[in-house]
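Next come two complexes built around subunit A: one with subunit B, the other with subunit C.
What follows is the complex of A and B.
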């Protein structure tokens, strides 16, 4: 890390550094784009993966925290850029360097009103076009009179704005077209059975070929990050179960890990083992639901009944221990809420007996089916460079050959002691994305096999104070959720409530790559592509 | 809610028997009965889900809970073909006009079930800047099913309550409702400025 710091200090004398979890670089906005270019292109730095982009309001200044990582060298860095202009805040965009920044910066604009210079599409992302104010600013007026529930439909834009910097440093607002008047635009969603929730694509087509997709988000934006700022740390936990409800255990695990890291709590071994087992059970159940709904999208409705049959078994296991079929509220700060049920071990063993047979059955019904293969093979191919640039982690990234499993790259809990393979396939098409998930079910079973007889005795929860206060500072933690790397960023100013909580959801990146993956394909393949990405819309919108 | 009340499934029927104690018209009453019998046994849901509750709705359709036993399995993707709308999940500001439009597109007779804490009152997100505090602010609701998310059994109970409500409707001579649907629509108008704009658009298209 010292090398990186020296290297940057030599090139950018105005940068200041702070030691921490990862090296933090402070840089004035004027030099930011040059630094970003260096971070990405310098072979000694090679930060090709933008992990997170967190908008911030520090009351005097507005700004952004960036987290970068290098897929080749494995090191990480964070950068802080701020502006003290609250009336008309502007920062330079990095969406030309990392594609994923496109949506991330729009989100920050939506939340804080920070305009990104040279960003190609500065529209609001989640909120209506006619929304008043920027909700995540600390001085936002939240009264319902400012923004009542409107029943009229918002106007649809065919144009957008970009802020271009002139050579003399002046920033000019320019209009850009999204769809030209002669484009034939088909509206898909928000109420459409194949979008898996309330996602909206405005798709311009030429015959059956997709020319361009304009993504509309926010139909289930619940403002969870703002809600967290008003609650104590214990109270923020339940939101994670409702983000991506098919990775409820992993998401909650992540937030607990982040808070435990900040407080320096050591989690008892028994709790760590049970947490990992729950994570893997959740992953199996999520991938089973993926197989069911995806095959149903392609017309193979029968598969849904087969996969949900096994999923119900897993839900039974959860229900006996956690008391719920979904939204379990099981992990807590310092460990887990309740000990496992007395039948837990026997039930998991039974499940492990059934799963290999069940997977064989799925393969006979669907995977080898000639129609299924024709619809999946070679459809929606994404290259490895693109998945890294769009930061699409999880099974989608691994199906394009990117080894991005957080359980392997940054092991947490007891994952470093476990024996399992990271599945990567080189093809990058829909078939590969499907197969990766089938293989991951097998790997999760392997992890469970190693643990089911080795749950150690002991406490299930560490001693945690009744009122939780985090010291001043900021922390970032990632786990491997069912759909990719789920990250939590917490900034604390030493109070009982967090100053800022950011959930870095994998599904947002998955939705962000859809326009790229579907472009040039047939409109019927959009269903296949969207299905294999398997995004959960409440996780996109938060 | 006391446990005993969960078992009290017949209160709607007993209420109707009380109403009809003085007798109903032989022709109209029998016709009502026949129509309601048909309607209440084949209510088709609209595939409409925004979050977690939608996954439980999928489970409801699968083998273990099997809503086909009751004639509800024909989930329609188009509101034009559906009888009722199960609002499964949080409704936010951006979604509210869409929900209203979907409701308007449902063919008569239409019913709404608010499913889960979010659809009833905003649930855990009640204090958010972007969440509608219950779908009842946007469209009239017939049955509320609490839970976060409700178990599939609770959903079955909710839809069964709906079919009980349908059974006691009067096809001829008014509907047994406390609040008429038109009253609700009048109390929650779509803002005029945009209605006008919509009219202009339609005129433009006509030209």
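What follows is the complex of A and C.
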């Protein structure tokens, strides 16, 4: 780490450093793009993975926190760039270096009004184009008069704006075309059976071939990050179950870990083991649902009922212990809410007994089917460079050969003690993405096998003060959710309420890579690709 | 032997005994028309129930079980619901073509339906080019689907209609060629004669051995594609095009498409039964006279409907097992595999017939 600091200090004397969880670099905006280029391309730094991009309002300044990581060298860094111009804030875009920054910067623009210079597509991401103000700014006027519930139809724009920096330093607003009038544009979504939620792809097609996709998000945007700023830490927990409801346990685990890290709470071992078991059960159930719905997208409806049959067992296990089949509210700060049900161990053992047979059955009915293979093999191939650049973690990244499992790269909980394999496949096509998930079910079963007989006795929750106050500072925590690395960024100014909570969801990156992966394919391939990405829309929109 | 033809003969005599011949023919035609419509809808109801139950069995479910004993009245209730539903009128459509399309589809399937050999001597239209006529009228259906997709003024329906056009035109070839193969073997295009031949001798699939079996396999694949059923349900691929060409239809107009789909399933299996499994001819094994006697005792109508249902079970089985093909894979399958195989098979069949290599 010191090495990285010295290296950057030598090249950028104006940069200042702060020690912390990860090294923080402060850099003025004028030098930011050059530094970004160095971070990405310098072989000693090699930060090819943009982990998170958090828009911030520090009242006197607006700015962005960047988290980078190197897939080759394994080290991490964070960068803080700020501007004190609140009227017309502008920062330089890094979307030319990391593709994932494209959507991230649009999100920051949407929330904070920060314009990114040279960004190709500076439109709002989640909110309507006629939204007044920038809601996550601390001086935002939330009264209903400013933004009444609009009953009129939102105009669809075929053009966008970009702010181009001229050689003399002046920034000029230019118009760019998304779709020409002669394009045949089909709306796939927001109401469409294959988008698994209210997601919208404006797709221009030439016959059956896809020419271009424009992503429209925000149909179920709930402003969860804004809501968190007005609530105590305990109260923010339940939102995580409602992001990616198929990774509810892992998401909540992540937020609890982040808060516990900030408070310095040691979680009892029994709670840690149970948390990991719940995470893995959740992962199995999520992957099972993926298999079912994905096969249904391809037109093989029967698989859905086979996988739901096994998923039902897992939901029963959850129901007995957590009292719910969805939105479990099980983890809490310091441990877990309730002890496991008396049938828990027996039920998990029964599940582990059934799963191998069930997977064999799935393989017989679907995986080996010649039509299924033709539909998946070689469809939507993504290279390893692209998955890293688009930051598509999780099974999708691993199917392209990127070993990005947070359980292995940054172990949390008791994962470092467990024996399991990280599945990576080199192909990067839809078949690989499907197979990775099937293998991950087996690995999750392996983890459960190691733990089911070894749940230690003891407390289920550490002693936690009634009123939770975090010290001043900022923390970032990631866990491996069912769909990829789920991150939580918390900044606290010492109050009972967080100053900023950012949920870094894997699904937004998955949706962001769809236009790239589906281009040039057939309409049916878009459905296959979307199916294998398995995004959950509430996690994208938040 | 209990045969319905005796009843028809008696009815004809009775009518002639008290009214003019033209009036008798008119009355008979109306009666037959009513009978046809009735059996058409009853069969459709049966098929909807049948598919639901079969698919439920494949999917570890029970299927309909609330309305009536074992849920048998479920499809009747659904039909009633669809009859009283509103026909939603849309603004930016071609109203005439939009309304015409479902009738074209149902007309095509009704005409095919009337050609089927229901039993020994029970056939509504029977003439010397029967099977050719059947193929000809069945292609009217694709016109209805294209019009439905075009007139709806919707991008999804348009893509669905274009897919359907490409698919139907391609698979019509395979269908026609496998029919021609069997016509070459039978030496007649008349449906009743075909059945009679198989009733006197063996079913074509046995007597025509290898080329007949190849023709059967191709016919079943092409037939599944012609009826727009999975794995060839691209025109209405619900996960890609919501409902394809009939997205915009509601009420009974949608019901017509739905009915026609199920009846086309029956028609395809009926034609397959006719061409390969003897139509209404009972199963005969040469030399086993006692067995043949027992088989003869079963009415020919039951033989025909039974065979058609068994064959449609196979097609339903396809649908609930296989994923859907992609449009380019679908066309590759037809033009690069089925069509060449079919042509070779036709030559093979001609050789078999010329050299008398059949049973």
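By definition in this document, the second predicted complex is superposed on the first by the 542 of 542 C-alpha atoms of A that agree within 3 Å, B and C clash if a C-alpha of one lies under 4 Å from a C-alpha of the other, contacts with A are read in each partner's own complex, and residues count from 1 in each chain.
Definition applied: contacts are C-beta pairs under 8 Å (C-beta built on N, C-alpha and C of every residue); 3 or more make two chains touch, one makes a residue touch a chain.
If you're wondering where the values come from, they're calculated on a predicted model, not measured in any experiment.
Engineer: Evaluate whether subunit B and subunit C can sit on subunit A together after superposition, giving fit or clash.
Structural biologist: When both complexes are placed onto subunit A, subunit B and subunit C end up side by side without any clash.
Engineer: On the A-aligned overlay, A:309 touches which partner chain: subunit B = first, subunit C = second, or both, or neither?
Structural biologist: After superposing on A, A:309 lies in contact with both subunit B and subunit C.
Engineer: Regarding the shared-chain residue A:226, is it in contact with subunit B (first), subunit C (second), both, or neither?
Structural biologist: first
Engineer: In the overlay, answer first, second, both or neither for which of subunit B and subunit C A:5 touches.
Structural biologist: neither
Engineer: For A:496, is the partner it touches subunit B (first), subunit C (second), both, or none of the two (neither)?
Structural biologist: neither
Engineer: Touch test for A:186: subunit B only (first), subunit C only (second), both, or neither?
Structural biologist: In the superposition, A:186 contacts subunit C only.
Engineer: Report for A:150: first if it touches subunit B alone, second if subunit C alone, otherwise both or neither.
Structural biologist: first
Engineer: Could you look at A:450 and tell me whether it touches subunit B, subunit C, both or neither (first, second, both, neither)?
Structural biologist: Neither: A:450 stays clear of subunit B and subunit C.
Engineer: Please tell me which partner, subunit B or subunit C, touches more residues of subunit A.
Structural biologist: Partner touching more subunit A residues in the overlay: B.
Engineer: Roughly how many degrees, to the nearest 10, is the angle at subunit A when you join its Cα centre to the Cα centres of subunit B and subunit C?
Structural biologist: 50
Engineer: Quick check on the superposed pair: does A:118 touch subunit B, subunit C, both, or neither? Answer first, second, both or neither.
Structural biologist: After superposing on A, A:118 lies clear of both subunit B and subunit C.
Engineer: Looking at subunit B versus subunit C in the superposed three-chain picture, what is their shortest Cα distance in Å?
Structural biologist: 5
Engineer: For subunit A, what residues appear in both contact lists, the one with subunit B and the one with subunit C?
Structural biologist: The answer is residues 192-193, 304-305, 309 of subunit A.
Engineer: Using the touch definition from the top, list the residues of subunit A that touch subunit B in their complex.
Structural biologist: Residue list for subunit A touching subunit B: 126-128, 135, 140, 142, 147, 149-154, 190-193, 197-198, 218-224, 226-227, 230, 238-239, 242, 245-246, 289, 292-293, 304-305, 308-309, 311-312, 315, 325-327, 537-538.
Engineer: Show me the residue ranges of subunit B that touch subunit A in the complex, using the header's touch definition.
Structural biologist: 47-52, 54-56, 58-59, 61-64, 77, 79, 89-90, 92-98, 100-102, 124-125, 127-132, 137-138, 148-149, 151, 188-191, 193-195
Engineer: Under the stated contact criterion, what part of subunit C meets subunit A in this complex?
Structural biologist: 55, 58-61, 155-156, 159, 162-163, 230-231, 233-234, 237-242, 320-329
Engineer: Quick one: which bits of subunit A touch subunit C in the complex? Just the residue numbers, please.
Structural biologist: For subunit A paired with subunit C, touching residues are 184, 186-187, 192-194, 205, 207-208, 295-302, 304-306, 309, 365-366, 369, 371-372, 374-375, 522-525, 527.
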